[in-house]
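Chains here go by letter, A, B, C and D, matching the order in which they are written, and residues are numbered from 1 within each.
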Amino acid sequence: MKKFMNRADTMVAESLEGFVAAHEDILMFCPQRKCITRRSLKPGKPALISGGGAGHEPLHVGFVGHGMLDAACTGHIFTSPTPDQILAAIETTDTGGGCLLIVKNYDGDIMNFEMAAEAAKDRHDVEMLFVGDDVASRHSKKTGKRGVAGTMVTEKLLGAAAERGMSLQALRSLGTELAERIFTMGVALRGASVPELRRPTFTLGPDEMEIGVGIHGEAGRSRQVYSGAEAAARAMCDEILAACGSHLTGRALLLVNGLGGTPPAELYLMYGLARRMFEAAGVEIARSLVGTFVTSLDMQGVSITLAVLNEGQFALWDAPVHTAALRWGNEERC
Amino acid sequence: MKKFMNRADTMVAESLEGFVAAHEDILMFCPQRKCITRRSLKPGKPALISGGGAGHEPLHVGFVGHGMLDAACTGHIFTSPTPDQILAAIETTDTGGGCLLIVKNYDGDIMNFEMAAEAAKDRHDVEMLFVGDDVASRHSKKTGKRGVAGTMVTEKLLGAAAERGMSLQALRSLGTELAERIFTMGVALRGASVPELRRPTFTLGPDEMEIGVGIHGEAGRSRQVYSGAEAAARAMCDEILAACGSHLTGRALLLVNGLGGTPPAELYLMYGLARRMFEAAGVEIARSLVGTFVTSLDMQGVSITLAVLNEGQFALWDAPVHTAALRWGNEERC
Amino acid sequence: MPGSATRRLSGMFNRISNEITEEKDRLTALDGAIGDADHGITMSLGFMAVTSELARIDLDHTLPSAVFRIAASAFLNAVGASTGPLYATAFLRAAQALEKDERLSLADQAAVVEAMTAGIQQRGKGQLGDKTMLDAWIPAADAAMGARARDAGASEMWSSIVEAAETGANATRSMVAARGRAARLGERSLGHMDPGAASAVIILRAMMKTFASENSREQVFPS
Amino acid sequence: MPGSATRRLSGMFNRISNEITEEKDRLTALDGAIGDADHGITMSLGFMAVTSELARIDLDHTLPSAVFRIAASAFLNAVGASTGPLYATAFLRAAQALEKDERLSLADQAAVVEAMTAGIQQRGKGQLGDKTMLDAWIPAADAAMGARARDAGASEMWSSIVEAAETGANATRSMVAARGRAARLGERSLGHMDPGAASAVIILRAMMKTFASENSREQVFPS
């Protein structure tokens, strides 16, 4: 499978270089390009730092900016960034309010962020928040839910809260509370093709779908017959509703996210289906977001995220944000 | 090739329904769903109306809103909307300032918009603007350049000008002037698959690219060996620079647009390459936009647009916009 | 007797619709080679809209010219594409031609072919050799005029029309397109038949079957 | 003579790096079945970073424990992934174990295997049966302890270590993963060998070749 790249081993660096050049008004590389930070930091505000493997763009670099992250670290494709990158982000962005490390719940990410936090702890106030929203992995006893598209919802809400002056400890608690309220399920019609391999991570037949996929090109929870968008949306929404349990109250944010190779028209079609299904289950869709935000390289797939929020949390969602991938609200206040 | 859809004949309608539901704060269907209009119109402002085939989402519906279009009409896949749809848009959005029909330069679109304009002319002040930015088709003697991704640049600039009170005639002149300043070239690594057919419109070998493609899944100007992003970007940028001719002055807007199946990371990589090439040719890249805005269904491809603007036109680009697919600037003023 | 001529026209549209729909895949494949792979779809959609619209009207109280007007608006509102305005204009011009004499005589039939051709030409600003449907329609109109000039009968006139259209459509293979989407392909359009010319032949052949068959005057078509 | 023991270690890392790189595709394919298809890439990258870092230092003036420290930071900063922190912690613990006695005696070698295993376990919070690299390392460490207890020679100790690791790695095929990415696959991880266990065997075998070959003490390794 062809890609718009030159060489597999330089793809991530070349792509990031283009990204920073395109958004130089918002963000910049920190020295030695170990991470990407906001152009201007707000003294005393707790710094929000996230990161993960490349291949999920625009996550996380696309969410660096006012109202969201202060820094993001990118590893190799589907590979956690290294502790020295994370340490550089901590050292660059801690302006006295400490740092919250937002870590998607994968062993590799956890261990690398942990080592960075250990190395930083003498000089910085560092807290870690593990995010996991993937309901397909909710039965993994020891490891728990993976962090997938819902991660960006957490980053948006915490970013707005930090901008309003919330303390590091309070941000961490809010993040922990949000983990109980955000539910995602993904499906793929075609696997991702990793640059080094130039073939899909899994191959599906013409009538198959992979359901419960994560964002690393890995196979999902099961392979099923693909009989159209409606049945796929139904399977995902049912699973999300089941996972919601007692959290299934009144109003929610619905995020339909493309996994990289899915065009906008198909995302909106899935959004329409999911919305109807959730509404039929008594959920009012109070906020919506449709687009390609958390990808698995060029995977042809979609994820559906339901975030059951309270009024204060909706207000955080509505608060101004000015990043490469998410932008709304008055910019004067940024 | 699988798609997130139910049936080919309902795909466009289902997708539009999802789209309108997701953006009900900004826009709505007009009666009988013949077109999509802004939720609130500005009395006396000339109405900007565009439209075209489905399969190019978010163009044009994603650009309905403050600072851009007043209405957009969607036809069948890759097929112009019909005169009655366009007429409905004219009748709904003309608040006294007349209507500018922004029409991509294709025989089908021209003829359908023309018939609508003829039918409306007794009751409405209607002007037509044909847009064509595709340099690959600049040698087609009788037909001239096709309208591709650069269309959205024209829509953004005219939208801002209309918001500032520019008259219908002046908008049309500005649009005509812009046609001389916007240059696009596209390349595909995989064809688009039309819902009815479920196979790609053209099939490329593992080392081939189709260069000079439009946005209807049609083959491009020639098939060439694909030897990586650099050479593809080089071929496109050289052609754009050649087409610019005397318009190649100081500062430009660079738009790198995905054709539907291309993930953000690859778009940014292409952006980085194109930017370096244009800068090496003496063009200063003063504004940038990277994303999936004008698609050809799920085509794996990229287009590069260079818009050589003057300071007043950059100011129009920077002006607030609040649509589903493009959003920046202070919303209070919207 | 507006009813009988109107029934023939309505039958003609049914026949066109059926035969276009049967050839849908071939037309779409032709368009796939040099266009956007939808010509079979748009044409079939358009004529199906026409026949379903005609099924709603009372044929006994409708003039032939009105049938063409109804066809024009049904086709136009169903199709979009290039073919919508082209055939809608063609049908409108045919309606105007019939208004003078609603009998649908041989002369009227020839006038319909000519008027349709003129409509297509006016709307699309194309000419012979552009590699479009006009490369079938213009020779067909010329053949109709020729047949009228030599006072040929229905079956002779219609065979010469269809033959001219076929020859014209075949000739598009060796043309470089100058109109329509295919124009952007330049030399790459060589070697492929224009889909619009191919569908024009199907339409004209269906018209021939309607008007040139011996007992056509008595035939009752399904509505 | 810090130089000679240090040279052996540096040679050991070269050997590991070469053999991992040779098996890169197989490891990546194993990871493709139950993970994200990069294990060969991350491991090869990590060990190549280690050897290129070691190539820069003066082996004659570097202690064996320092070699492990350098390896830890080179591996960590090159890799990311799960394996970065796991092996970095393993190397750090090996360095701590060697600090007491830098000779790299047979007892030291056994201590290195044990310390590395303890490091992996501490960092990853895993245990036997989780279907990870620990299913090779824990049996290997047990074998090292056992060999020391019965005072076995170098070649016997190392064969028992590698044999235990191989048996452990093979056993992962019939385990359901409880740690790492594969854990999310549940039952679907059955039937596949864990890639981290497979690479652990390669590492241990390269260590065996370094330490257990008859003339290994005299051997001079390319730096």
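Everything that follows uses one rule, which is that a contact is a pair of C-beta atoms (placed from the backbone, for glycine too) under 8 Å apart; a residue touches a chain by one contact, two chains touch by 3 or more.
The model shown is predicted, which means the values in this text are computed figures rather than measured ones.
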Quiz item: Chains in contact with subunit B and with subunit D: which ones?
Solution: A
Quiz item: Centre to centre, by mean C-alpha position, how many angstrom separate subunit A and subunit D?
Solution: 33
Quiz prompt | For subunit A paired with subunit C, centre-to-centre distance based on mean C-alpha positions, whole Å | solution = 55
Exercise. State, to the nearest whole Å, the distance from the C-alpha centre of subunit A to the C-alpha centre of subunit B.
Key: 29
Quiz prompt | Centre-to-centre distance between subunit D and subunit C (centres being mean Cα positions), rounded to whole Å | solution = 78
Quiz item: Which residues of subunit C are in contact with two or more other chains?
Solution: none
Exercise. Go through the chains and record each pair that touches.
Key: A-B, A-D, B-C
Quiz prompt | Touching residues (chain side subunit A, partner subunit D) in the complex | solution = 53, 75-84, 106-108, 111-112, 114-115, 134, 136-137, 139-143, 146, 194, 196-197, 201, 214, 216-219, 221-222
Quiz item: Which bits of subunit B are touching subunit A when the two form their complex?
Solution: 2-7, 11-12, 14-19, 21-23, 54-55, 57-58, 62, 189-190, 206, 209, 226, 228-230, 232, 260-273, 275, 288-290, 292, 295, 297-298, 300, 302, 325, 327-332
Quiz prompt | Complex contacts: residues of subunit C adjacent to subunit B | solution = 28, 32, 34-38, 41-42, 45, 76-86, 88-89, 123-124, 130, 178-181, 183-186, 188
